[in-house]
Amino acid sequence: MVAADAVVKRYGRTVALEGVSFDVLAGEVHAVVGENGAGKSTLARILAGATAPDAGEVRRAASVALVPQTLSLVGALTLAEHVALGQGIGQGIGRGLGRGLGRFSAGAARARLADAAARLGAAPPADVPTERLSLPEQQLGELGLALALGARVLIVDEPTSSLGPAEVERLVGALRAVAAGGGAVVLVTHRVGEALGAADRVTVLRGGRRVHHGRVDEFDADTLATHMVGEVPSPAEVTRAAPGAERLVADGVDAGPLRGVHLAARAGEIVGVAGIAGSGQHVLAEVLAGLRAPERGTVAVDGVPITGDPRAAVAAGVAYIPERRADGIVPGLPGSDNAILLATLRDRSLRRRWTGIRDRRAERARARELFERFDVRPRDPALPAGTLSGGNQQKLLVGRELSGTPGVVVAHGPTQGLDLRAATAIRDDLRAAAAGGAAVVVLSTDLDEILTIADRVLVLSAGRITDTFTTDDRPDAARLGRAMAGHPTAESDV
Amino acid sequence: MASVRSLASVRSLRSGGAVAAALLAALVLGGVLLSVAGSDPLDGYDALLTGAFGSRYGLGETLVRALPLALIALGVTPALRAGVFTIGAEGQLAVGALAATATAVGLGGGAPAVLLLPTAAVAGALAGGAWAVLPALLRVRARVNEILSTLLLNYVALALLNYSLRTWLGTSTGDSTLQSDPLPAPAMLPNLLTGTRLHWGVLAAPLAAAALAWWMRTPRGLAYEVLGANPALAARVGVRRGRAVAGAMVVAGAAAGFAGWLKVAGVDGTLYPSVSGGLGFSGVLVALLGGLRPAGILVAALVFGALSAGADGLQIDTGVPASLATVIQGLLLFFVAIGFEARRRRRGVA
Amino acid sequence: MDAELILAGAVRLATPVALAALGEAVVERSGTINLGIEGTMLAGALAGAYGASEAGWGAGVALALGVGVFLGLVTALATLWGRANQLVVGLSITLAATGAATYLYELWRPTGTEAPNIPLAPTVHVPGLRDIPFVGPALFEQSVFSYAAVVLAVALAWSLRRTGAGLALRAAGDDPARAALRGVPVRATRTAALALGGALAALGGAVITVGYLGSFDANVTAGRGYVALAAVIIGRWSPWGALAGAGVFALFDSVAIQSGAAMAVPVEVLTALPYLVTLAVLVVVARGGRGPRALGQALPEDA
Amino acid sequence: ACGSSDEDGSATAATAGGAKPLSVALLTSGLTNDGGFNQWAAQALQKLQSDGRITLQVRQQLSDPNAAEPVLRQFASRRFDLIIGHGIDLSASVLKVAAQFPDVHFATTGDATLEPKLLPNVEGWTYDFGQFGYVAGFVAGTVKDVTNVGIVSGPDIPFVQAGLKGFVAGLASTNPSATTASTFTGEFYSAQKEQEAVRGLVAKGAQLVAANTAEGNGVAPAAQQAGVPTVGAAVAGSAAARQVNITSPNLDFTSVYAGYLDRLKAGTFGKRFETGTLANKQIGIDPVNTAASAGVPADLQAKVDELSAKLSSGELKLPSFS
């Protein structure tokens, strides 16, 4: 239904796509996988017509809708209004203007959405400004919108990177339903299992080239992963010390949706906080990082209170990896400034002695080191951070936060949007931080991630810690999933 | 209006083809107006240039008019970089001039220059800074939009100035129009270039530019930039937002107040109700056109100063009415704004 | 002080500002700040006066609207297509328009000639209702423009909520990059908003000359364009808010004028009071509500 | 060098019309088509220019000293023969610049406080504000059935107050029982505020409105709408004023400027202070418009002429109103 023929796209010296051909057929889900910066998002944009290729050709036999990696909902408008917006324009200037000045029917828009929702099997609220919807609601909303506006081909760019298992399942089901209904889906993803489970065919990109493509049954998880990133590194061996004293203690925290949350993390320990979207993870992460003052309760690092005091938190060595990457970088500043921001602001050795001026050479050297160590690509610290691919922005951010010797790490979805190699690397970094004596808290909706990394898992559900599991009684995923959804197994100790 | 990030998108002011083209466009359009007004465009522009640079007097006039603009622009730059759009310079300059005048006149002619000059300068800067405290507090504590609060307080400052000149600070010589007593001679800044109004205070501009250049290269400069672009991140890395915002606003106010002192002690010699006369707003424009960088700001201030001084020459040599000179100034500004942007994009700065 | 008089005077003083503020509210909803409205108002005041004296008040209004649209389009050309800084362009428009209005008026009426004869637009008297105490004269004995402002506010409020154009406008002002992804012609939308905003600002200026004064001088607008900008913010970017914001200023002006020498406070206190009260109002309304997210930002490259 | 025979000769030649005209610059605080104070000055000089006695350059809207001083200085540095700063807000600037150019001749207007500050190269002029207001008040008092008079003034400053006091005295002379209500708009140029002030005064019972100091163009249109006549509105300022304004005092600068030119030729220019009055014909009175109101007495023009004559001759002496 959509086909690309030898498309090329360059951004300055970066070659994002180098002669990639691609096609997606009616009735199929076609996965596009590849490491960070491989060119997946660029291909998606070109297929949808949002970006023009420098060379090559794109043919579209049906209407295409793109659900970009960073969503495209206008925060001030409701989903119903988005439907009306989509109808009012995009039909030629003349008719568009005629419709634009006429009254739109909110009822009709809602009906179309409801119809699309039925096909998706999920109905996000249609009459709330989309900025107030949760992330999964927004993601489903985007899909529903595309269908409501008559798209037959959906191109979805990493829709699952911040969803919990139940939501991923629901979304994949929805995508399959679209394909089954005679449409087609292009699914950009990092998760090998997801690609194999949801798709009919797979295309693998690497460094802007198509390195492999074919039916899913030609692959198993390992070969696919190898195609994506070359040899998959196995987690580094880290000698873990026995957990030491409690370093981060949050006590009796009431904040927004949180009620009476108690959390203590010891030196050398990685505590996972599992919760579905909307459970209050975001607020908890901000409270733990000292960014948000709780209505009640305290947060302390090594006995020093940091409650609602970001400066105290920084001084106490709290590293923070926010859920939304946009909260953590300045896209217009060079990668180097972003990478060593904390050091620049705090480390006197990066200043000239008498004038207090920043020592650019020392800064650049340190930034290059960090780019190297955290594998940020391209290795050019002078490029504005905003031009890096999503995954490389994440690496940059994680690198900045972990490159000192943090005493406490609060990481919210630290590997979202990362390829296997990078995700593994970042998990290694988190483990290394713990081994170095830090108390690490990882909050995530991704059960696999939590189970891979955490020594101890807390389940956050509707603002309360409803369950805890220790390393010794590692639960199976099903049990944990139920707990996250608010149905803890009866025998678990709460 | 939260975002002034786009402001920084107007970058530095090095010459370029686009700027030249913009100037040309403005000059051609202005030329058409000049011929409509019955004078030869070339004569007109010759007069404009001569007025601005053609004589010692014109040059002095250009510099003297660029001075307050440069100071206001340099002072407001940290705030603009932090995304705080304070446009209170108009009022801050007025209260600065008011305080400086009151100090100088109050201490009287008996006091020596070494006392009068610094005390009046400090009084001006302090008053200008103090005038920024209320909007700063309102912005930090009550989230009141600073564009509006500073704009509103400009009008209040002018009312205060008028009231003062009508009552306690009014001239004792019985003049009917509002003005203060003349400043005592030792309170006046000495002349730098005979035959012009240029005074020693003009050195304040390069000094302030150097200070800004230094500041921008310190970690604090980066912190403000981060604050402007991503307040959440700034908070996270320990930048105290309230302090930074309030500090920037007060510094901008102090710079404007200092410029008020320079205006009275360097040029006017008497405090008039019109002491700010749009300088505050032009100063913000100069900051923007200068790309929020010290060198760019100095150049932009000179361009503004030259335009204003040149317009006088234009009128007097060609008989073109003042109103037409204003139109040409507006056109120049308009096209220069477009030209800078075109040049910036051609150079591919993000 | 006479409440009836103050109220009726406030409506008159508010009308020009309200019209300009309605236009500016639309412009800002689409994501642009137009600091050129002061100059546009003055240009409209002159165009209105000229058209009216040549061919009746209707012609004056039409000419003013035309001039306003022109200035709006020039602003759009510079800021949206030329991507120049909005604030600089706006102020340059004000500068040029102010100079041009003065210059053209002098060409039209050189020194020594008599002032032009400018016919006024009619005042609507609603018999009976105008005798209602306090609000009668304020509500039922006003220039056609006052009623036009209310009708416009209703129409704009409805269009913003209920029409495709309104949606496109809000989307363009909230998130131009995403709006563009969703098919909104961001530039065209913002351009249309600027044209409308220019027309209404110029109309506001024409109201001063053609609605009330019957004369022109270079000071007729006297900073009202900036007051309109303030009114938009006080009104939280809604059409009704713009009317209310204009009303706040006008009310204080009216009180100050009518109390005249009668009050024991210095005249400067009365001058400053509306600004201080507005500041106080701002403190109260500052929490909650938000302006268009993309307001004042340069157009993103891909929109 | 003053008074040498050569110069006497050239002065004679000038009167004969053969000499090079003098270069004169006029700087005004408002616009010269304002129908009032500034227009009167510009018109008088334009007449001299068309007579070939001077070449004229005009700069307007220079009430702000920041704007005015550079312009003054430029004219001075170009050695204009006479530079006139017209308007009280220009006088301080003129004195300042004149001190720096002692060999260039300046003239300015102001109030009585100007006189002691004059320099050897500066002449000053003022007019009798009280007399000016008195004439307007006198006229207002003659209108039949007017018991309450509204007065609109601009800023509350001394010379405006002097005009106001003169007006009240004049009113009392013809209608001792009339009451007055007075409003200040706070600004010289704010037509819409003047309008509202007029409406307020009329609503409070004013049957006639006076424009004190003849500045704004808002008084007459509002008075026309409210159906009351005016006194003192600038007749050239708006069409409405031609209909509803009964009469207004005006200023005639012809003799003032002719005096400057004569003294420049004679080399005696400087440090002279003159006050315009009815007696020296520098204050005049517009012809009475009896159609402005039914209450205007038919013989008002005669009464005004008589008053003018009495004030001119000194038969009627007014107290000082300042």
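Note that the chains take the letters A, B, C and D in the order they are written out, and that residue 1 is the start of every chain.
As a convention for this text, contacts are C-beta pairs under 8 Å (C-beta built on N, C-alpha and C of every residue); 3 or more make two chains touch, one makes a residue touch a chain.
According to UniProt, the chain labels map to these proteins: A = ABC transporter domain-containing protein; B, C = ABC transporter permease.
No experiment lies behind these values; they were computed from the predicted model shown.
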### Message
Spelling it out: a chain qualifies if it touches chain B and also touches chain C; which chains qualify?
### Response
A, D
### Message
Farthest chain from chain D, going by the mean of C-alpha atoms per chain?
### Response
A
### Approximate Å spacing (C-alpha centroids) for the pair chain A, chain C
45
### Query
Distance-wise, how many Å sit between the C-alpha centres of chain A and chain B, to the nearest whole number?
46
### Query
Could you state the distance in Å from the CA-based centre of chain B to that of chain D?
36
## Note on the structure
Multi-chain touching residues of chain A, meaning two or more other chains, are none
### Junction residues of chain D, two or more chains touched
61
### Task
Two or more other chains in contact with one residue: find those residues in chain B.
5, 166, 321, 323
### Message
I'd like to see which chains touch which, written out pair by pair.
### Response
A-B, A-C, B-C, B-D, C-D
### Message
Residue numbers of chain C touching chain D in their complex, please.
### Response
2, 4-5, 8-9, 12-13, 102, 105-106, 109-118, 120, 123, 208, 212-215, 217-220, 222, 253-254, 256-258, 260-261, 267, 270-271
### Task
Show which residues of chain C lie in contact with chain B when the two form their complex.
33, 39, 78, 82-89, 91-100, 102-103, 106, 218, 226, 229-230, 233-234, 266, 268-269, 271-272, 275-276, 278-279, 282-283, 286-287, 291, 293-298
### Task
Could you pull out which chain B residues touch chain C in their complex?
1-7, 9-10, 37, 138, 142-145, 147-149, 151-153, 155-156, 159-160, 162-163, 166-167, 281, 284-285, 288-289, 321, 323-331, 333-334, 337-338, 340-342, 345
### Message
Quick check on the complex: what are the chain A residues that touch chain B?
### Response
289, 291, 310-311, 313-315, 320, 322, 326-333, 337, 341-342, 344-346, 350-351, 355-358, 384, 386-387
### Message
For the complex, give me every residue of chain A touching chain C.
### Response
50, 66, 68, 71-77, 81-82, 84-90, 93, 96-97, 99-104, 106
